[in-house]
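Shared chain: chain A. Partners: chain B in the first complex, chain C in the second.
Moving on to the complex of A and B:
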């Protein structure tokens, strides 16, 4: 059929309307003849019944245009529906003159410049895939890649682009270069895709692992592709076909491809030996490629959206994702850097440094690529052997010893060997095993959560704290049971009460981590620009409340460690390991206390500053005709509402606390000034700690930068506070101040977690 | 889902004299659905079939409002739903703003705000406990609109949209949580 006839038919179809006039109630009245007979079906077990009459009667009971909705027809169904002949939905729809498939001559020899052009565009697509776009809109839009993958080749001999009789012996060098590059590219993607799929990530949000029923050539041996790349590079270097610049440009691309393939295969091994160097070498290969992109000549005809029609997909055809060369190289450079750093996690110092490493790695900006984040998870958790060298128990016990149970008999491995049921050591071991089976998952989940994208970290923590709340309660029960076997002597502090005070080590440990996660939820809220300007006063107050609670809890923990240490000293026991464990536990508790103090000092200062700015009506607050502030507070605090301890501050109480009606403005501003000075000193002291004392072994540089950014934010805050103080002091009797407050946009301050307002008189 | 408040080209001088707001009902489908679809799909990267519109309009036609100008031209539309929502917490009657669009030349006149308010007011009449929606991080005018009304950001959604942009979930509680019944007013 000619295009015009097709057009007029599609026009007619588009014009069809169901209600073209009053309907004739008698079915088939326009026909003279009898209704057609029922179709002959030759299937056993199928009985054809003519339901024309029933159907017509039922249909007549509907009004024109009346809709019926089946209860199983959900939004999901409706979104999945497509309209035939709608070009946005129907991938079979062809524009006039358009062919279903691309007609492309794969035997055509390409110029070296064109090979460079195609390779460089493929690199942009490869990075677009890394950034989270599907293969169907990136790498799979290349006709050459499509040619390679369908049908799926069983070996390298089946990968020639030109499928004519004379193919293999006559493949031009340029096409061989492109083929080798494409094979290396796809095989590299298969390693990366498998790594991502094996770890925790969010499909479509972080990455799209869908391969649309195409194989990524796992069946073709990795070594043979490397060999082809090497051989092709050899051929190229001795070839006279092209000028030296083009030869060098193509050569460095082949070498890059081979290097990338090597490193993704090696990166999976959890031996740190030379992986770091492989990544830095790969990074070093990029400048040569970048400097020769200008030699490339684009071949846009070799990329097409039509290939999507052939892919097993549930979505309508989508445009090709175009990432600029600059953005692509940037992403790749960062990936190499991040991957070379992430491998350092394999060196274990102790549990707190491990958590610090993961936290700091994840604060790298921009966010590390999904591949880097899944490598981190692989290094941490693969086969449940932590970092490839330790059992979960080892790390957990390390952490318990460093926080609440230094040199404690509960962690004595010898207890495991005692089989006598009434022996206290047997009972201790059994209950500790129960605790570990309960706590290990939650503890490791903190690490895994931190490996997710920033938004997901906060969202997930909002749920994990409920889990830790339960863990804390379960641990309390175990603590109580264990007392019988550890024969713990309580302390009594008559100033508090006459009740005995027990250490509750396991639930203390759980409470400590629950508090940390609650602090992070509030702090990530600042980073992700979640709070309205007039919410900042309350959220910094809450951060201060949580950090102070942590600080008091640490004090309690220190007290019990001291008691335990005192009795240890009284026994004629050899020092050595036990002494070291005590020293370490004190050191950690002291460090965390310092860090908590700096946090609550700074948070308190900012909260007070915002209190004053609110009082001076310098923070805009919209009229908000719907809802009220107490309901908004419920929305905001929802994740904390189910947590028993620390108690959720009620709205009315918080309002009092953040408006401070009994304090004068000048007193509040002075308090803020003192508080921020104290925080500044705290950050300064922290900045002078060595990696061991700061529990950041393996990431000291990043840790130090973080502290210094906090320090800068502190200093900026004190400047703002003194500006405000001067304005308040200079204000007339009415106390009105004329100034403008600028709250920096997310990511534009010195530190993402400290939103410091700028006050311009 | 979709809302378009971002572009600000060719702003009309004043509101049209005959601006009126109409509540949708199924009988209006033939007359208005094509222009509703045209207005909304302008700013969508993915097409919605007619069934998506019918899904909302058939079940919650009273939560759809249209802003009409001279010659019955469609200047703006809002499409919502209201259902019992059950997840981690006790069930709530949750309104969801699925689509909001105002014709490019008529933005910044408060039409979108009026449409949103009309929809929320009907939700309140029907006993809604809360209203939620997602909006693109870069869509500053839309976020301001909702935040001015009393919505706050409950969470950020990484790369929520097809173009890779992130979104914020905006939430408005209409009752204290302890008073949320999860059920419609009869």
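Moving on to the complex of A and C:
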């Protein structure tokens, strides 16, 4: 109990961290998760008094349009009210002659073909729920499921479809199969629903966890359901009732359901288990089901929207969601594949590889489903223990060591044991603790943010980037305080200035991640189709600006690591492990520099290419009667407007920089060609790195694919550039060329972050 | 009833728990938030109560049993159009009724009410 309470508290805290408002914001209040308990109609001391006549008389006195209302009740709220007796709004409305419940005979035995039909339809509904539709329009429309859930059974003996006496002893085999399957299905859903609810996701946008005040059999032990599934499968295999094909088809469905239930029950464990194999086995079970769907016979009468009348729901009645079998199987197969990959996150190599893993898992296409994404969050953050084995401090210290502070005394755990207040080690430990408590949340938020849907990732980054700017400032202060205790010797570079230069390790680290996130914001903008074709020139210019800033910053970081390494080497006592830490930090800085160089080279080339296309008037710009370029630029750059470093480029300056009025068109296109060649070389070198050097241990394959896609986009760009170059050279004095430019739609290019125009002469 | 009296009366009912029965025999129980000259009523935190379908074997059941069996579900904020309202009841605490009744009588409201109480 205590543990549970603690879990829920830490969960709440974890959810608070993302600054995006309450979890159930008002617009989504339609699905109130917990309705209050129904009031008793009869209770002592309360009487209901008939006031029909007084009320009617009083109401008639009012003027037309006059309202008597509670002063706290607003018109805005009333818009959300359900209109009773309106068939479109009132799920409880009955047409004249219509009955509340469906006349459905649950005692009637079904054909095995019909059982297959119902089971396959239920699978479609289950996947529709996974895709984000509410239970009320999917699984809950099945009369058989409704029968199992209402009234809520306390044990398996209360789950027979046929409620007349003596049904338990002679339940037809077909109905037992259906019952076992449905019980397994509901229990599977309950595990998935609980997982999703426990993590950060967007209700109604990603997924609907609302169960309409129904319990998903949480009081029935899943073991007993598994046992029933197994027993039923055995009974079926020894049965002579039906042909072998049907027997096999039903058998594989029962086994599939048992497997699915088992795997979602075990998926929460963060210990090394065979869970990956279970997901792969589940995937392997699907072809048998798929190949026998044609045996099924649909029973449309066993599904009905009327059940919505019995569900606690504050929304109007809605139709049954139809998802085709093809789409359902595809979704399920992808879920199995994604879930089998996500388990690999539990193998921790180092912090940079962890982040790469999370980023690349989320760029899988189509994006992994909500369940897979919440599993990832669970593996990462559950109970504030990272990946089930590490403290947040461990991961953060790893990251600091691998980025700015290799083998540094600030990260020495021994400092914690010093209690003498004036000992510098005590002071270092105390200040590092302040830094960690400030930075850990922001750092982990990057990971949690990346686990959201693509649009939300960008949106959340736009919000949290300001926090990183503050973090950098706070860290700068701590860096200055720490100097006294680390006795850092500044360097002086007379070429820059005569002031001493300090390393500022903590704020350096924060700045590095801030720049990374700013790049992602721009890159996700390309992916999400945020920018108009005529804005691409400016946004690619901005991307190269950010990447170049990162590259320069990495240069500075490298310089200070180098200095500390030089003094470390003068001291022969320390060696071994610490040597490795230095090597690792150098290797990461080198890798990130290479990556930044490829990025800015490519972005620069594309920006120049778009500049030339603009000059040739080949980029259409839509008519915008209500805005101008500078206003739009202000909106685009809003997330960056508060950022101190790197400074936001003013619109007029940017216009100068991208139009390059002093350069000739041919010079610009030549520069673009050089730049893209440089980027291409960069990507080629990157693609040859091994997993360790590329900081993608555990996800090398997806990383390589990503780099190869960039490379393809790069090559395609160089082709376009040479086409344009020929056009420019061939153009007459008037500079007019005849050509057409096609800009691929989002998701249609070689890589989502590189929008390469196609020029057709 | 004068207009100002009518307004006062309706205002005094605000936020009280009303039971509104509609022409299709459902009853809606919720807090009274708003009404107008057409007697449209907005209730918040509303529960819908419905008589269960008549059992096949027995026709005449005692009223009390039926009430106990009414199925309820939560619907939240609803507006009941005046034209479908059959009956309006207000929930009052028995202990507070005596004073109220006095006020109601003094306000000159119908005789029926007194009888019902």
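In this text, the second predicted complex is superposed on the first by the 678 of 761 C-alpha atoms of A that agree within 3 Å, B and C clash if a C-alpha of one lies under 4 Å from a C-alpha of the other, contacts with A are read in each partner's own complex, and residues count from 1 in each chain.
Here is the rule we use: a contact is a pair of C-beta atoms (placed from the backbone, for glycine too) under 8 Å apart; a residue touches a chain by one contact, two chains touch by 3 or more.
Please read these numbers as outputs of a predicted model, since none were measured by experiment.
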Contacts of A:65 with chain B and chain C, given as first, second, both or neither: both
Touched partner set for A:627, first chain B, second chain C, both or neither: first
Chain B versus chain C as contact partner of A:83, first or second or both or neither: both
Chain B versus chain C as contact partner of A:414, first or second or both or neither: neither
Which superposed partner A:48 touches (first chain B, second chain C, both, neither): second
Which superposed partner A:454 touches (first chain B, second chain C, both, neither): first
Partner chain(s) touched by A:213 [first = chain B, second = chain C, both, neither]: second
Chain B versus chain C as contact partner of A:732, first or second or both or neither: neither
Contacts of A:56 with chain B and chain C, given as first, second, both or neither: second
Chain B/chain C common contact set on chain A: 65-67, 69, 73, 77-78, 81-83, 86
Parts of chain B lying in touch with chain A, wherever the complex brings them together: 26, 29-30, 46-52, 54-55, 58-59, 88-89, 117, 120, 147-150, 152-160, 162, 164, 166, 168, 171-177
Contacting residues of chain A [partner chain C, same complex]: 32, 35-36, 38-39, 41-42, 44-70, 73, 77-78, 80-86, 92-94, 99-101, 213, 310-314
Chain C to chain A touching residues, read off their complex: 1-3, 5-7, 9-11, 13-15, 17, 19, 22-24, 26, 28-29, 32-39, 42, 44-45, 47-50, 52-53, 67-68, 70-82, 84-95, 97, 109-110, 112-113, 116-117
Of all residues in chain A, those that touch chain B in their complex: 65-67, 69, 73-75, 77-79, 81-83, 86, 88-89, 131-133, 202, 204-206, 316, 318, 453-456, 458-459, 462-463, 528-532, 535, 622-627, 630-632, 634-636, 638, 641
